[in-house]
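Look for chain A in each of the two complexes below; its partner is chain B in the first and chain C in the second.
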Partner chain A sequence: MSLPEPSRRDTRLDPYIDAYAERTHGLTVSAVRALFAVANRPEVVSLAGGMPNIADLPREALAKAVDRLITENGTQAMQYGSGQGEPFMREKIVEVMAEEGIQAHADDVVVTCGSQQALDLVTRVFCDPGDVVLAEGPSYVGALGTFRAYQCEVVHVAMDEHGIDPVALRAALVSLKAGGKRVKFLYTIPNFQNPTGVTQTLERRRELIDIAREHDLLVIEDNPYGLLTLDAEPLPALRSMDADNVVYLGSFSKIFAPGFRVGWTLAPHAVREKLVLTQEAATLCPPVFSQFAIATYLEEFDWRSQIVTYRDMYRQRRDAMLDGLAQHMPEGTTWTVPQGGFFVWVTLPEGLDSQAMLPRAISARVAYTTGTAFYADGLGSRNMRLSFCYPTPERIIEGTRRLGEVLEQELEMHRTFGLGTQTARHYDLTTGPAPDIT
Partner chain B sequence: MTDSPTHGPIVVLAGGLSHERDVSLRSGRRVAQALRDQGREVVESDLTPGLVDLLRGLDNPVAFPVLHGGVGEDGGLQQVLTLLDVPYVGSEPAACRRSFNKAVGGPLVAQAGLARPRMAALPHDMFRELGAAALVEALGERIGFPMIVKPARGGSALGCTRVTDVAGLPSAMVAAYSYGDLAVVEEFVEGTEVAVTVVELDGTLIPLPAVEIRPNSGIYDYTARYTAGETRFIVPATLSEEASTACADLAVAAHRVLGLRDLSRADIIVRPDGTPVFIETNVAPGMTETSLLPQAVEAAGYDFGLLCAQLVDNAWARHLAQ
Partner chain C sequence: MSLPEPSRRDTRLDPYIDAYAERTHGLTVSAVRALFAVANRPEVVSLAGGMPNIADLPREALAKAVDRLITENGTQAMQYGSGQGEPFMREKIVEVMAEEGIQAHADDVVVTCGSQQALDLVTRVFCDPGDVVLAEGPSYVGALGTFRAYQCEVVHVAMDEHGIDPVALRAALVSLKAGGKRVKFLYTIPNFQNPTGVTQTLERRRELIDIAREHDLLVIEDNPYGLLTLDAEPLPALRSMDADNVVYLGSFSKIFAPGFRVGWTLAPHAVREKLVLTQEAATLCPPVFSQFAIATYLEEFDWRSQIVTYRDMYRQRRDAMLDGLAQHMPEGTTWTVPQGGFFVWVTLPEGLDSQAMLPRAISARVAYTTGTAFYADGLGSRNMRLSFCYPTPERIIEGTRRLGEVLEQELEMHRTFGLGTQTARHYDLTTGPAPDIT
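== the complex of A and B ==
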């Protein structure tokens, strides 16, 4: 070997590689995520993303209302605002929450940039690196990303078709306490959970509140889909059952439109004060123009009727997905039957791995979200989340048909190679698919 | 600004529906910007049903395909451009087909006397019809461990697995078949991993300095390829003068054997004794911020944008000469 030449360039192409914070470890490009690049092409039926379908909003009337807003109130609407959120917005949020039986005061509401930021603020306020956060197994990928960003240890609690398992929750609390772990809160999505579509029963909700009281466990209730019930009246929110132990997260993304990025948190007084100060440090104030626009929508439009329209539309799509799955899934496949929200959780025949077969699905022009994205501990290989919110019913049926073929091919491949029934565990969580959008 | 180019807009084609769409979009944006920085008029386009009309609606367009995988590399797109009589940068359809399919390109290079790892290419139907157990055993005996299993048509290391024993072979085959129905099983070659870019300017094949690849994880997989900081690149590679020359000769020879045109990137592993072994060559090398070709171009003292512009001018000159 000759000596290196003086002009030799030796680089890792990132001069800051040694300067990044420890919490950025693992923020890398991923092959799985890259495969989703084709999902937004029209040839592909994407059952992956969780984008609401907002095509039916009265856009012309909204345009006029926004036009008037700028003309008449533009100097306020385009100005900085309150770190807690505009008072009129918080009053309206209280009205929205009353639809689910929550009695609240506008002073306890903090408006945020989507409920995702509310989750970020709550985690920032409560969690030090190494603290334990409990979450359903599986749980929302965007929440897992937030917990990871604050270097929390996520411990999943088993759930079934009735929601989180109270026995498993008690056992986890006891064992974590015995192990000297600090459990900061339980993160739960009681209604039409993302990714499973499962709704906690009333009985489970009561048990959960009892456990929270017994163990001084703070509950973070994330409820973006609650009003999008498709078959029955909404169940009471956890917050309506216990105002002291529950921090509630809400959002306009699903009941109106996500582009405004307005969500909120309803928290006990002491917590709320810290959230406001943290919000001010993060963004000064939540988007003021969006708050004006949403308040205008709530004031001037029949938003309750719009929710009924959304429910009818999503019901058709949910039914199309359930029909499509019944028609096209091979034997050994099971799935949840959601009563609202956006998602169906599929369990594949034994041995199949949803992450491993994703390239085949992409080639077949159908996309889904791999189950591993929704676990912090490597589980979920045998699962996939299917979204029925965005494609039309016809496209959903076609998507399930393509998916059925992919599963048949994958099963045949497994038979050919005599692969066992053990599915893999994937620990490349940071390399999972993009959160909830495509 | 270069001297009055006589061709019309340059159509940078990127995206497509292959598994490497994301990489292609990034490569395409980089090439388009580099050409604009040279004062060239650029139109960026995905592969869409409107592409033919777009090309027909432009005066004297020249295409610059930057599609990785699928029809961008298997000659399909090049065939369409030929049919439409649109000049383009890069290799002709048949050469693309030869090169992109590892089951074809590898043996061609080996037949020309160039060093290649032991290899077998098998469609999944063979396993189904003849039974997997016997074939898996035969592969183990013939190729030996460790081995690399990869899709015959693909790039960016997608679907590639290093297999160390016979027990790992079935799942590696299934992983490769997830990307296509033909898989290649190849002897794993220990050594220094380098890439040699070959550019064709004024009829001369010029090998650019070899880029040595040292992934932090030890494996140059998708993450290591496209995440800045995950791989150490050394250019020129830390090879002896003889080995460097041998790599350059190998890359040029493979370019010739496969009948490539304008540009290619050969992936080579240099054994500890200095012998380079040809792995594969790419007719549409990556052009992203972390890709190998732009690093080689810079190390050679060329300007990336100027090189892209020269390749366009060459394509246009070929067209005029027809």
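== the complex of A and C ==
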């Protein structure tokens, strides 16, 4: 296979190089972008992206509803709005959060341009360069990008199949404090974590809240997938257990559609105030038309049934992936069994390197995200994240078949030549990975 | 008149106070917000806000076009998109900029969540705490807010009725350099400047570009009102004279509608790359549905005629305001005569203080924005910004009549009691003013 040459731009002299802010020097374009351009070709089964499948939305009915919205309320919907988000939107968001046991007031909600912007605003409000942010190891690549953009130091806390390890969390807090570090918050995805698919058990949630109280630790609970549970009822959100120590991040991207870019944060009152002022400086106000459109959807459509439709569709895909993996993975490969969300986390047989292997996988017309993307510290080379959200069940099965073949070949090479050969071509996915959506 | 008490939140103990980032401590809620809540009552003629009047948009035809968009392309329009902005949107933006003589490539455009976010991203890419940003004195309140949010030091450069003063600009550059300061860029609004309404002459533009080249000065050209010229053809944009030293900011908020939150920046190639990475960390991607909706509008509607419609409507309002001022302002009051945009800048007779006077003006059912909001250094107390964009011509005339009466009373008080009495009730508009849109 012929891969595109690394872009010449990377080596072009940048006349502004001395003018950038300190934070900008950490931003570099990853060579893996060129690879992902290839991965997006239709002949490649991409198990790499985190794009939801929104084909099941009632498009024609939505079109009519938005038509009426513009005719009847267009002058408000297309005008500037509140920096905090429209009051009716915040009321609806409170209703959505109630599905996971959260009791909140609309006054404490701040609407954002996707929940990525909620993460950005929270980090901006709390973090100075050098501050420590704790996160599960591994954690969401887009969050790591935001923390890096604010020059935070990410310290990973070990997790297992029950979620973040409380012993490791306590140890990290004690040792960081002893080292004079300022820990600003713990960033966690309790439900169907990205990238592992792991769900924190109720017991772990309780213990996490206990630790937060003991150590005065602010917890950022990122919950984009919480309602996309595939096997059981949702567990209570951390925010439902503690309103003082938890800042909650939510999103319509997975339970409705991502293109409107509407997310939110629910924060203790004093923090909420800072977030609103920061939002005003960042955008004046979050997308107004989008808020009207989503509020219309929530008002006029049976959005709870739509979530059930999504669950049924994603359950089929998750099952296809688990079947495919069971059928096609070589011995020594293990993976998580997610009870919701979009992702399975695969651990390769010893000696294999998911990063070195990626070009060969794409040659074999299957793509995944390498494990190293989800660590700030270079770990994860034996892991890959597989997404079951976007391709059809048939394509997912075919993808795992192709991946199985690639792994067999890698193992064969490994057995023949020993360690090391697979690093001949090394792509750097740890700096500036593409956003988690393609 | 009974004004609401300052919010109790301001004095409430904030348990997170020690956890915030350095940059967050500069963010405080202004007491003037309470005043603006009153100013938004229908009985008050508000000459304070910068909200465009979008009543003339062809709402029903737009509703049908968006209906078709969702039916035919909804799955793309509601999905995640490119961090840089959709390619077809960037192509259209290049067409819009060509109206002001700018030759550009879509590859160098980055779409943002309103042009406020463009300003935020540019500041984030370039500015460390303590870096100097040059800006006209006075300048746009929302830009000053963003610069403050990144802990920049704003140094104002004097302007007159022809725009920024090149002698003052050169002097500032020399003296700041001598003082060891790092000047990151000049922020300027060449057309119908906010808040003064002043337009840079062609001669001044050329001189500004000369200075930029001599001093290696990056120029941020903010041009939301450029096509809303009321008396003559638009002058060439700074970016049309120099592609290397100018970062251009544009917006659909005033030539179409603000609620979609779509703005953009056109930047030299290397800078564009940093902006895209920063945009991904901030939002993953700018509002996708909004981009589809605006591209549909630009494709299917005669947007150039709509701008002519807007011009005719704003010209009437501008003329009403100039007539009203000529009729009702007491002797000693002067004002600018804008050739486009939304704003007139008023200088009060000596001894009057627009900030101290504001509660009494609102009592008399007229609102304006005090001049101090537009300076980072406390100047502007003898000035006010009057907006002619939103109220009808009749209301504008009535507003100037009420304002004239307030000024007469102030002058009377001033003559009777001398200086000082007008500061009995002092509202702080210099910290965290409300966004410039209500």
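Here, the second predicted complex is superposed on the first by the 410 of 438 C-alpha atoms of A that agree within 3 Å, B and C clash if a C-alpha of one lies under 4 Å from a C-alpha of the other, contacts with A are read in each partner's own complex, and residues count from 1 in each chain.
Note that in this section contacts are C-beta pairs under 8 Å (C-beta built on N, C-alpha and C of every residue); 3 or more make two chains touch, one makes a residue touch a chain.
Source: prediction; values computed, not measured.
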| item | value |
| --- | --- |
| Touched partner set for A:Ala106, first chain B, second chain C, both or neither | neither |
| First, second, both or neither for A:Gly145, with chain B first and chain C second | second |
| Touching partner for A:Met357 - first (chain B), second (chain C), both, neither | first |
| Contacts of A:Asp14 with chain B and chain C, given as first, second, both or neither | both |
| First (chain B), second (chain C), both or neither touched by A:Met413 | first |
| First, second, both or neither for A:Ala257, with chain B first and chain C second | second |
| Chain B versus chain C as contact partner of A:Ala168, first or second or both or neither | neither |
| Greater chain A contact set [chain C / chain B] | C |
| Contact residues of chain A, present in both the chain B and the chain C interface | 9, 12, 14, 17, 28-29 |
| Chain A contact footprint on chain B (complex, rising order) | 17-23, 25, 124, 127-128, 132-133, 136, 156, 158-159, 170-171, 173-175, 177-180, 216, 221-223, 225-236, 238-241, 289-290, 295, 298-299 |
| Chain A - residues contacting chain B, complex | 1-2, 4-5, 8-14, 17, 28-31, 34-35, 37-38, 41, 43-44, 356-360, 362-363, 365, 412-414, 416-419, 431 |
| Contact set on chain C toward chain A in their complex | 9, 12, 14-17, 19-24, 27-29, 51-52, 54-55, 57, 59-60, 62-64, 66-71, 74-81, 83, 113-114, 116-117, 120, 124-128, 131, 142, 145-146, 148-149, 184, 218, 244, 253, 257-261, 268-271, 273-274, 277-278, 280-290, 292-293, 432, 434-438 |
